[in-house]
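We just call them A, B and C in the order they show up, numbering each chain from 1.
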Amino acid sequence: MKREIPLLITAITGLIIIINYFLPEITGGVTQVVRTWNIIISSFAIILGILNLVIVSLRKTLEPITHLDDRIANIVLILSLIATIIVGMIYGVNSQTETSLRFITDNRYALPIISIELSSFDNNPFTSVIFYSIYNPLSAAMFSLLAFFIASASYRAFRARNLEATLLLFAASIVILGRVPVGDLIFGLVGLKISPISEYITAVINAAGQRAIMIAVGIGTIIISLKLLFGIERSHLGKGE
Amino acid sequence: MDLGYLWYKIYIPYVENKLLGYSLFLLAFISVVLNIYVALVRSGKLTSIYIRKIPALNSIEEAVGRCTEMGKPVLYIPGIQDIDNIQTLASLSLLSYVSQRCAEYETDFIMPVSRSVVMTVAQEIVKESYLRAGRSDLYKSDMVFYLTDDQFGYAAGVDGIISREKPGAVFLIGAFYAESLILAETGFSVGAIQIAGTAMITQLPFFIAACDYVLIGEELFAASAYLSRDMIDKITLRTQDISKALVMIAIVIGSTINSIYILNPGIAKIPIINIIHKISSTMLLR
Amino acid sequence: MIIIQLLKRITRRTIFLIVGIFISLGIIFSDVEWVKRVNLEILRRTITPASKQAYDFIESLPAGTTVLVSADYGPSTRVEADPILENFLKQCFRKDINVIAISLWPDGAPIVATKTRQIAKMYNKQEDVDFVIGGYVVGGGVAIEKMGVDLKSAIPLIADNPAPFLKDIKTANDLGLVFAIAAGDTLVFYIRILKSRYGANVSGGCTAVMAAEMYPYILSGQLIGLFGGLKGAADYEILVSNPEPDQVSEAVKYMLTQSLIHSLIIIFIIIANIVFLYDRMKIKSK
């Protein structure tokens, strides 16, 4: 029973969505309900995740075998989680921009000069401190690691090992240079324009390969979905071999 | 309800969107082929099929074995998408195989997850696998744990885990975005064997550059069937190939006839070809 | 020989250090007058066709049309995505196009709200009259699916909005354009659901990493042009405001950093191949 009920739920909801795709005018209402459930369930699931995160981190922090650096990481995690939740609860997530007039007195001259300055600042510590001053730069820093890793990965990967690798090497070099002004600047010296070649590689050769994978992936997706609907695929429910 | 009105409601979407009919045809075709094969297997008429070797899947055992020898844990990342993504489901199918190997070899298993629903499902799968391997004593509930839904927050968390725990094998299987290379390069830097698999086309080059083995696109979906000993599972691969053949034939015929039509419109008057031309030209979007 | 030995010693750390130095140099010197001029001059001559196509389509929309802009990115990709959003809003407000601004990512909501209000102020546009802010829309693909049937139920924050232009908007099909700036899979969802199923016009921008994935959709006509990464953003800025060297914003300025890093990567590739070929020749001669 433990297996059959999930399979039945999968089959019924899956069929509702598929039937709706092909008969949209008739089954619209039922599907809307299923979709709303989906949104509600996924919103509530976050609580489950946070609880698990807190429990696992607390356990790791308190366990005597945990390494010191691991322990510090877990403490930082719990503290920042609590801080974010509390500040967010108190101040809300919308920025409260306040515009104010300030009188500025300049005493450098014989007579003080008074000027009026219009300034606006965000009053909400959630958006101004947590979102813009902490979360914003941290996320950007993680994403920018990509630049470093792309350089080191391409240093290792692009080598003229055989004919295919050499072709890949040249195609990649043309695209890398063609996407930036310097490529046209360098090739402009010998009267060549590299960006159209780069565009051709992306729009024709690349797109052809992409389509092949996309179509194969699309068919693979349909088949896996059908396997789920027919109950053939059960390994995600922990089926034995 | 009036029958004519009902028919109108069924019919009208197909007039508005001609592609809907083709989708229905493809779905029906695949379902029929799949069911024919399942019937053939069940009646015992089909007992074996040829499947080409997929090196990435054959290397799973080797990777887990290496971790055992070195006394290092196995790290499994199921992508950053939720359970409704088919790649996550494919990854979870593979998870049961990988975690069972870990249980058999008594290797530590770590799985940080970025979606809480995926976490619940994955915990269940890993638990079952340990039970099946007869090592439920080794299973711990915090083997699978939630980190964060945030893309780069998750990447940072996993990078931290990789550099602290130094896993011997890293599995990056599922749907990935820009964090793919960040994870794979960190895994490379600690010298782990890396097995990746994704259908995200733009992330494939990154994985190919930084990982030892890669499941490319549909290979990911074929993985659970490939590793399964059940013939009904395996037969879905044959269905996939036949469906691909159908699409390939349609592409070749359609583009040939459309190209000839551009050069010589007279072709549309020849019987049979005019029907194919009509079908293939409606598939072109303007 | 000494040089080869030296080149062989390049490790990941050396590469990271050099990349770091070049990025810093790029940012420091991006404000130099002649650099900006040269950048701008070359960029003007090499506008990507996909960017031009998207710009032309938006330009062809009549005044009073309503468009939906979905800024589905977080702070991590702001450098690439922000200029695309800014220029899109500028083009819309300049042409008196009404805007519904939303984000399918929770951390994109404050960004899109702030940016829209900021740009609107420049063009004297009133909130809830010329534009509305829908904030964070929960549900991802499911929410997009809902937009195709009932836009206002998908975006609860605009359901009771008094803005006059919202009166005639029932579904996504009533919009002139759906413009998604994506750091994840949302643009593909908009294409697959709103374009393919409901027939809405979809255009957008994405991070450079994803741009290659979008080309099949542009060629099939499902996606009307694309602003890909910082290059797309720079193209857009030139198309919208055709700035003088002293007026250019980050998108154009940071093309210098990109130029430097791209050239650096080419140099690294050349070095790697010199070392590789030298080693191979040595093995052969033995």
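Note that a residue touches a chain if its C-beta (ideal position, glycine included) is under 8 Å from a C-beta of that chain, and two chains touch if they have at least 3 such contacts.
Since the structure is predicted, the reported quantities are computational estimates derived from the model, not experimental observations.
A.B. asks: Specify the chain most distant from chain B by Cα centroid.
C.D. replies: C
A.B. asks: I'd like the most central chain, judged by C-alpha centroids against the all-protein C-alpha centroid.
C.D. replies: That would be chain A.
A.B. asks: Could you please state the distance in Å, as a whole number, between where the Cα atoms of chain A are centred and where those of chain C are centred?
C.D. replies: 15
A.B. asks: For chain B and chain C, what's the span in angstrom between their mean Cα positions?
C.D. replies: 28
A.B. asks: Approximately how many whole Å separate the CA-defined centres of chain A and chain B?
C.D. replies: A distance of 20 Å separates the two centres.
A.B. asks: So which bits of chain C are touching at least two other chains?
C.D. replies: Answer for chain C, listing residues that touch two or more other chains: 12, 74, 76-77, 107, 197, 209, 212-213.
A.B. asks: Multi-chain contacts in chain B: which residues touch at least two other chains?
C.D. replies: In chain B, 20, 84, 150, 152, 178, 201 touch at least two other chains.
A.B. asks: Hunt down the residues of chain A that sit against at least two other chains at once, touch-wise.
C.D. replies: As it turns out, chain A has residues touching two or more other chains at 21, 38, 42, 139, 142-143, 146, 150, 152, 154, 156, 210, 214.
A.B. asks: Looking at the complex, which residues from chain C come into contact with chain A?
C.D. replies: 10, 12, 15-16, 19-20, 23, 38-39, 42-43, 45-46, 48-50, 74-79, 107, 109-110, 113-114, 138-139, 142-143, 145-146, 149, 197, 208-209, 211-213, 215-216, 218-219, 229, 231, 255, 258-266, 268-269, 271-273, 276-277
A.B. asks: Enumerate the contact residues on chain C facing chain B in the complex.
C.D. replies: 12, 74, 76-77, 107, 141, 183-185, 196-197, 199, 207, 209-210, 212-213, 220-222
A.B. asks: For chain B, which residues count as touching chain A in their complex?
C.D. replies: 6, 9-10, 12-13, 20, 23-24, 26-27, 30-31, 34, 38, 82, 84, 86, 89-90, 92-93, 96-97, 115-117, 119-121, 124-125, 127-129, 132, 142, 145-150, 152-153, 155-156, 160, 164, 178-179, 181-182, 184-185, 199, 201, 204, 206, 208-210, 216-218, 220-222, 224, 228-230, 232-233, 236, 239-240, 243-244, 247
A.B. asks: What part of chain A is in contact with chain C in the complex they form?
C.D. replies: Checking each residue of chain A against chain C gives 21, 28, 32, 35, 38-39, 42-43, 93-95, 127, 131, 135-137, 139-140, 142-143, 146-148, 150-152, 154-156, 158-161, 169, 172-173, 176-177, 179-185, 193, 195, 199, 202-203, 206-207, 210-211, 214.
A.B. asks: Would you tell me which residues of chain A are touching chain B in their complex?
C.D. replies: The contact residues of chain A facing chain B are 18, 21-26, 38, 41-42, 45-50, 52-53, 55-56, 59-60, 67, 69-70, 73, 138-139, 142-143, 145-146, 149-150, 152-154, 156-157, 210, 213-217, 219-228, 230, 232-233, 235-241.
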